[in-house]
């Protein structure tokens, strides 16, 4: 896609493309699950996080997933989203070792339970990928 | 320092070196401030986060600071530490633009107030650096 | 019940009445589940939140449930209580659309994962009501 | 403004109008404070929360501010934003008594410290209004 | 006071006595600060936490303050209340060393920033006591 | 074990002994579950929390478990770890009544949902012990 044609994309188009590149099938599943309860929220989810934020040029996708995995591990109350973003991290080029390092590091900032629970989510994702 | 001599460093020595490289003067200030209330905690702070975690080879310091800035912004209850790690991010090679992107991205995971308060901490650090 | 007889109610009586009006069967279930582990806490739960707070005249029950659904969605660590209060919101006159709006709005203050997880709780409650 | 002309507003125009109606001068101050550190974030703040969410028809502004005051009180880590939204609540028709009730109610869901700290923010806003 | 006369105390009387014993002057200050914004909340604060909870026989006041100092340190968003309860801990017999240990231990469960910020609150209280 | 031989223990040995005394079989299970995803983190978990913190002389294990149960209940996002530490509390001499009191008290600092969810974890642990 040329630079020019991208500029003409709507936020929804740009976000759909970014969501697909980053979250793959998992992003699509979330959008579908919202269809009967809050379809507009599915659209906002594509437009703002993916069409606006992840599409910005100032930080590469690899660093963006480092940030997201760190934050979701530290917050400790969003296991389904952490799972999606561990997948996303692998999709954009982080290794399993790097993801494990990020989650371990969060013990310093959010305590050992946050890291332990994050590591067990990672373990599940890694095992599923190995199938 | 050779690979060999590093292996012989104690956790305290390795942590002191890492703390100095990452946090610079700010890390030293925290250690000094703990001296009369909890000197052992100053030692733990050097040994575990810096001697153990930040010294691990599996993730570069740049990515480690992306993770820490993201988590502290998202948690929203540790402004003094966020300030130290925005400085640290600049010390290990993140640009002001990259740090701003990380903090903005946290609006997706922790809400706009978390990003706003993080951006105002960054603004203060950047202004101070410009002096 | 006359104004006068209400004034003579104990906190426990007033709370029991409010709990039944607001939470219906779900409130009763919580009280029963506490019976063998912390019966006094069941009493406090009736007396303080329902006998004291929800019975106050300065804010109608509809607005009180808006507040509670918003807070529990934003906190993101109390799914069972969010479920009870989505039911409660419907009991005191909020529409499914209004509840969905409240939960979506929390993306601004607590991030998209908080809203997503809240919407999936709402979806479950709404589906159950439709049976 | 006619229904028709509103439909043609951009998200930025609609958000600017909503921000002005709800937050008044305080919203403008936040936007200005972002100008030199993250001007794009000021635009997102206008577009998504105000242009998208607060402009939706399914919940009136009064209920939206009940939700926001409740959430910010409960989260307890966003005092500057709580202050802005207590002002906003007054702007859209909540009484001081109603705001006090919302904040008091949060003691049930987020504990007494969250309510106490919220009440002291409200006290400050109310005193300033009385000047 | 005899067992019998205590049984006849109202929750408010019992809570006032407990608040005075535990929090001393600091508790009184909080109650006074609420007088013009939410006087009923001052009453609830005395009645439920102090009249109901702290007055229960199943856990001594020393252990109750260990629990409260730990929780407020870990939550990290209630510095004024942590300060009051570090004072309270000293009032009911905890040593400065024990309080420091509790706060340091929270690094394991809530991260190093929570402990650091808690230790600096303790340092301030201890210094003030030494005057 | 003599005072002298203890002094010569490594952090790992001291931590292993403390972990076994405090968490029993549950601690061992966590360490084993980490073996294939983050074995170094299992070592850190033994060394820092148990080898460094819980082994310190300034606070007895009973008080340490009061602190941990309180914090994990209040944080409300670490149910597996709360379960382990309710077991640990019983292991180091807390009664079921004392543990119930600690968890109930957290309603004051973190709200009723935190206490309710904590009490249901305790109920499960107590029931399992009674088998």
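Just so it is clear, A, B, C, D, E and F label the chains in written order, and each chain counts residues from 1 on its own.
One rule holds for everything that comes next: contacts are C-beta pairs under 8 Å (C-beta built on N, C-alpha and C of every residue); 3 or more make two chains touch, one makes a residue touch a chain.
On a predicted model such as this, the values are computed, not experimentally measured, just so you know.
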Identify the chains adjacent to both subunit A and subunit F in the sense defined at the top. B, C, D, E
Select the chain at the greatest separation from subunit D, using centres from the mean of Cα atoms. F
Using mean Cα positions as chain centres, tell me which chain lies farthest from subunit E. A
Count the residue numbers both subunit B and subunit D use at their shared interface, divide by all numbers used there, and answer same if that is over half, different if under half. different
Indicate the whole-number Å distance between the mean C-alpha point of subunit A and the mean C-alpha point of subunit C. 32
Taking the mean of the CA coordinates per chain, how far is subunit A from subunit B in Å? 23
For subunit B and subunit C, what's the span in angstrom between their mean Cα positions? 41
Approximate Å spacing (C-alpha centroids) for the pair subunit C, subunit E: 28
At which residue positions does subunit A touch at least two other chains? 40, 44, 48-49, 56, 72, 74-78, 81, 100, 104, 106-114
So how do the chains connect up here, line, ring, star, complete, or something else (other)? complete
Interface residues, subunit F side, partner subunit C - complex: 75-77, 100, 103-104, 107, 111-117, 119-120, 122-123, 126
Residues of subunit C touching subunit F in the complex: 30, 33-34, 36-38, 40-41, 44-45, 49, 72, 75, 77-78, 80-81
Can you name the residues of subunit A that touch subunit E in the complex? 74, 106-114
Partner subunit C, residues of subunit E touching it in the complex: 40, 44, 48, 52, 56
Mind listing the subunit C positions that touch subunit D in their complex? 48-49, 53-54, 56, 58-59, 63-64, 66-75, 78, 81, 97-98, 100-102, 104-110
